[in-house]
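Shared chain: subunit A. Partners: subunit B in the first complex, subunit C in the second.
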Partner chain A sequence: MALPDETRGAVRMSAPPPISNDGTVLATRGLGVRARQHAILTDITIDFPPRSLTAIIGPSGCGKTTFVRTLNRMTETSPGLSVSGEVFYLGQNIYARGINPVLVRRRIGMVFQRPTVFPMSVFENVAFGLRLEHEPADVVEEEVQRSLERSGLWEEVKNRLDKPALSLSGGQQQRLCIARALAVRPRVLLLDEATSSLDPASTQRVEATLEELSHEITIILVTHNVAQAARASDRTAYFYQGRLIEVGPTEELFERPKEKLTEEYITGRFG
Partner chain B sequence: MAPVGLADLAQARRRFARWNLGFDRYIGYLLPLLFIVAIVPILDMVYWLGAEALPTMTWATLTTGGPTQPLGLFPAIAGTVWIMVIALALAVTLGLFGGIATAEFLSERSAAWVRMTANTLAGMPAIIIGMMGFVVFVLYFGWGLVLIAGAVTTAFFMTPYVFRAADLAFSSVPRTIREAALGAGARPIDYILRVARPIVTPQILNGIFLALGLGIGETATVIVTVQPSALAPTGPFSYASYLTYVIYAEYTSPLPADVTLAFQAAFLLLMIVIVINIIVRIVAWRYQTRLAGLFV
Partner chain C sequence: MNENGSRPAAEPRGHDVEVKQMKGHAIEMGQWALGMVHDGWLAFERGDLPLAQSVIDRDARLDRFDQDVEREAVAFIVKTQPMGPDLREATAVLKVITYLDRIGRYGFDIAWLTSPEGAYDKDELRELLRSMDGLAEGMVAKALDALANDRGDLARSIFDLDDQVDEMNRSVYRIVIQELRTDPSVTQRIANELLVARHFERIADHACKIAEKTIYAVTGQRRGEYLPKRAPPSVGSDSRGAP
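Presenting the complex of A and B:
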């Protein structure tokens, strides 16, 4: 079974993304994750509109990391987890029978907590996903430059594209990872506490990059930093003990939280 | 007894610090000593074997041999090369695939079983592996006492070392790197060949060279499976001599010339093993600088 935007070759789909009938790029319905008898996530139903930056906040262990990992089927790489419910990507349930998780992950990019550059050159790191899709060399070159520009790294690395990526600084490495995820032109970018290992200056750069990207694609940012959610996102979802407590425009959620739990968390009373 | 106060604690800490300082200093003296303990036997061996072997060793020693030229090592060198090429090819294939499968694809439970089996094989006395080879390849397969029977038997002796290196190397790749590769839509094979390869190569090469160094010096697996011959082997199914056999057979000979030949074979083996170890070091150095920063 094919994913909705299966146009063979990530780059050729440069037209604006087709949106599913109800206007969301990504949506979950009754999503649950269990590890044996223990429920990690229960009945999550949430929509992610196109061109938005949604922050997911909540105390440690509330399941926010597990949640983003279910959105591109990364949960399957850690044994012992079982997923129930549905995740719709452009209207297609990615957990449906016959959907290849590898292809799902090529459409829905992910950036992790720590920079995870591969032991190859800066250029090859960004080109990684394009090489997997066997893109022609000229396309690869073009896309590498475009992605590095979009992640705000081009000016710093344009003269040393053939140097080992491991020689970059931590902040540069993380922006390289974002560039790598962007190179295949995903419509959705998942970030799992992507700035938590960076210094304030690098964090600011990454946030600026994300803010700009959110005018084009859907970004879901897991963060344990409430302040970051407040300043960088336009929507915020609050998770607590494996449940979605509240989701809404960031301003609204921070100024007039509907739930008592949300209010207690964002005002720093626990978490 | 008086209660333990802060002053006692501070005193204990000072005493420990003083002891610790002394310990560091003694270790500082100990290390050069240990280095000498390690290097002296090697130099002694090189000197002692060299003194016996080198005076009569010429290019002809390495390139001639056989019934008409009994003072040459060529048949033994050719036999060792034949056996090692076949054994290494088999051991690398088996060990590499086994190690990758164990580290990347098997469940924790099955992997534990495979590792235990491999470790048992690594701990098995070589002569027992030799007997297994004799029973299976020489008798049951009916190959006879030919070179390939010895090579395949030696491969069983070498495989656990390659296996262990491959298994450890792939298991030691940071989990985050693996996740990132899969998260970018890489299939496991893409991860193995594109992302993990530069990380695991030095460790695996190390294991391969270790296996080669051990296999080349191993006598027990070939002595019971290969019929010695004065002639250089002509193919996998011919009889063969090999360097360790020359040492084993000629060292006790009444003829001084034969004993010298044994020393020459021993010196040659020693040099080969030393060169292999130097190659291992160079490979490790070269990769160390390239991978700096990955394991922080």
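Presenting the complex of A and C:
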């Protein structure tokens, strides 16, 4: 079964994908994750609108990482986890029988806490997904440049595209990972603590990149850094003990949270 | 939040100690400003020039309070990046000290009008000004109490008092006009009564602004969310000259 915006063959030939009828790109309904008898996530229902940057915050162990990994079926790579409920991408349940998880992950990309660059050149790192798609050389070249520009890295690496990616700084490597994810034109980008290992200047550059990208795609950013959620996102969701406690516009949530649990967390009572 | 709009007592939050300390300094500044108003009026009423001078001299300390509490609030924001109620408290304190500075300055201005003859000798006018002083000072004291104790309900009770002060201000205006018609030679002295009434009216307004900021700090609600909107007074109405 194909995803709603999936086309065969060349990634670049994909027409701008349609949005589901209610304008939501990604949504969960009653989503739960269990590890044997232990509930990691319980009954999560949330919508992610197009062109938005949603921060997921909460204390350690609240399930925020598990939650984003469930959004592109990455949880399937962790044995012993069972998923219940539904995750809709453009109205299609990605856990429905016949949906190919590889196609899901192409549309819903992910960037991890530590930069995961491959031991190859800057250019080949970004071209990696395109090569798997057997894109012609001119298309690959075009997409690599476009992705590096979108990730805010192009000006810094354009004269050393053939240099090893591992020679880049930590911040540059993380933006390279973002460029690699963007190269296959995802509609949604998930970031799991993607700046927690970076210095403040690199973090600022990555956040600026995400802000730019959020005008085009849907971004979901997991962060333990409440200040980062406040400055970088336009919506924030607070998780606690595997449940979604509150979600709303970032300024609203940080200025006057509706739930006592949220207030206690953002004012540093715990977490 | 409990039903009377105040925050229930809880164990200290992450920044409870710093917030309490910052608010404590703002309250201290408020008491200083209130003292300037109180003594400014006494000096004006009695014609007590040394007391008036002491009020004038207190202005420098008021300025220092303003700067110190502002610095403290800014440092708190920079160091803790407060959220939720802590953020609201810090921004409220920054606004409140501006209102308190203005209140203290009105005390200064009243003291500045003191003449050896004291207040204008007309019982009705003097009683009105005494009442305005009592009400305005009471409103500021209540606003400070509400701020210190996170009492949104107490803060809300201040708004009705403002209407009384406004009405008294209009009464002073009418009496002054009547006096001027009767005896134009008193213009200089009676003009000061009008200014003092105006200063009390402004002090009461600032007390309301402090109450608004207290409600915001405690509940997150802004004025438009709990007070009915009023149409602005029309130019040419009865209130002209003393809005």
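Rule of thumb we're sticking to: the second predicted complex is superposed on the first by the 263 of 271 C-alpha atoms of A that agree within 3 Å, B and C clash if a C-alpha of one lies under 4 Å from a C-alpha of the other, contacts with A are read in each partner's own complex, and residues count from 1 in each chain.
Quick note on the criterion: a contact is a pair of C-beta atoms (placed from the backbone, for glycine too) under 8 Å apart; a residue touches a chain by one contact, two chains touch by 3 or more.
Keep in mind the model is a prediction, meaning the values are calculated, not measured.
Once the two complexes are laid over each other on the shared chain, residue contacts for A:Pro200 go to neither subunit B nor subunit C. In the superposed model, A:Leu166 lies in contact with subunit B only, and not with subunit C. For subunit A, the partner that touches more of its residues is B, with subunit B and subunit C as the two candidates. By the document's definition of touching, of the two partners only subunit B reaches A:Pro79; subunit C does not. Of the two partner chains placed by the overlay, only subunit B lies in contact with A:Arg131; subunit C stays clear of it. In the superposition on chain A, A:Val102 makes contact with subunit B only, not with subunit C.
In the superposition on chain A, A:Val226 contacts subunit C only, with no contact to subunit B.
Touched by subunit B in one complex and by subunit C in the other is not one residue of subunit A.
Per the touch definition, subunit A reaches subunit B in the complex via residues 72, 74, 77, 79, 102-107, 109-110, 112-114, 116, 118-120, 128-129, 131-132, 164, 166-167, 177, 180-181, 184. Of all the residues in subunit B, the ones that touch subunit A in their complex are 107, 174, 176-187, 190, 194-195, 198-199, 290-294. On subunit A, the positions that touch subunit C within their shared complex are 226-227, 230, 254-257, 262-264, 266-269.
On the subunit C side of its complex with subunit A, the touching residues are 13-15, 80-88, 219-220.
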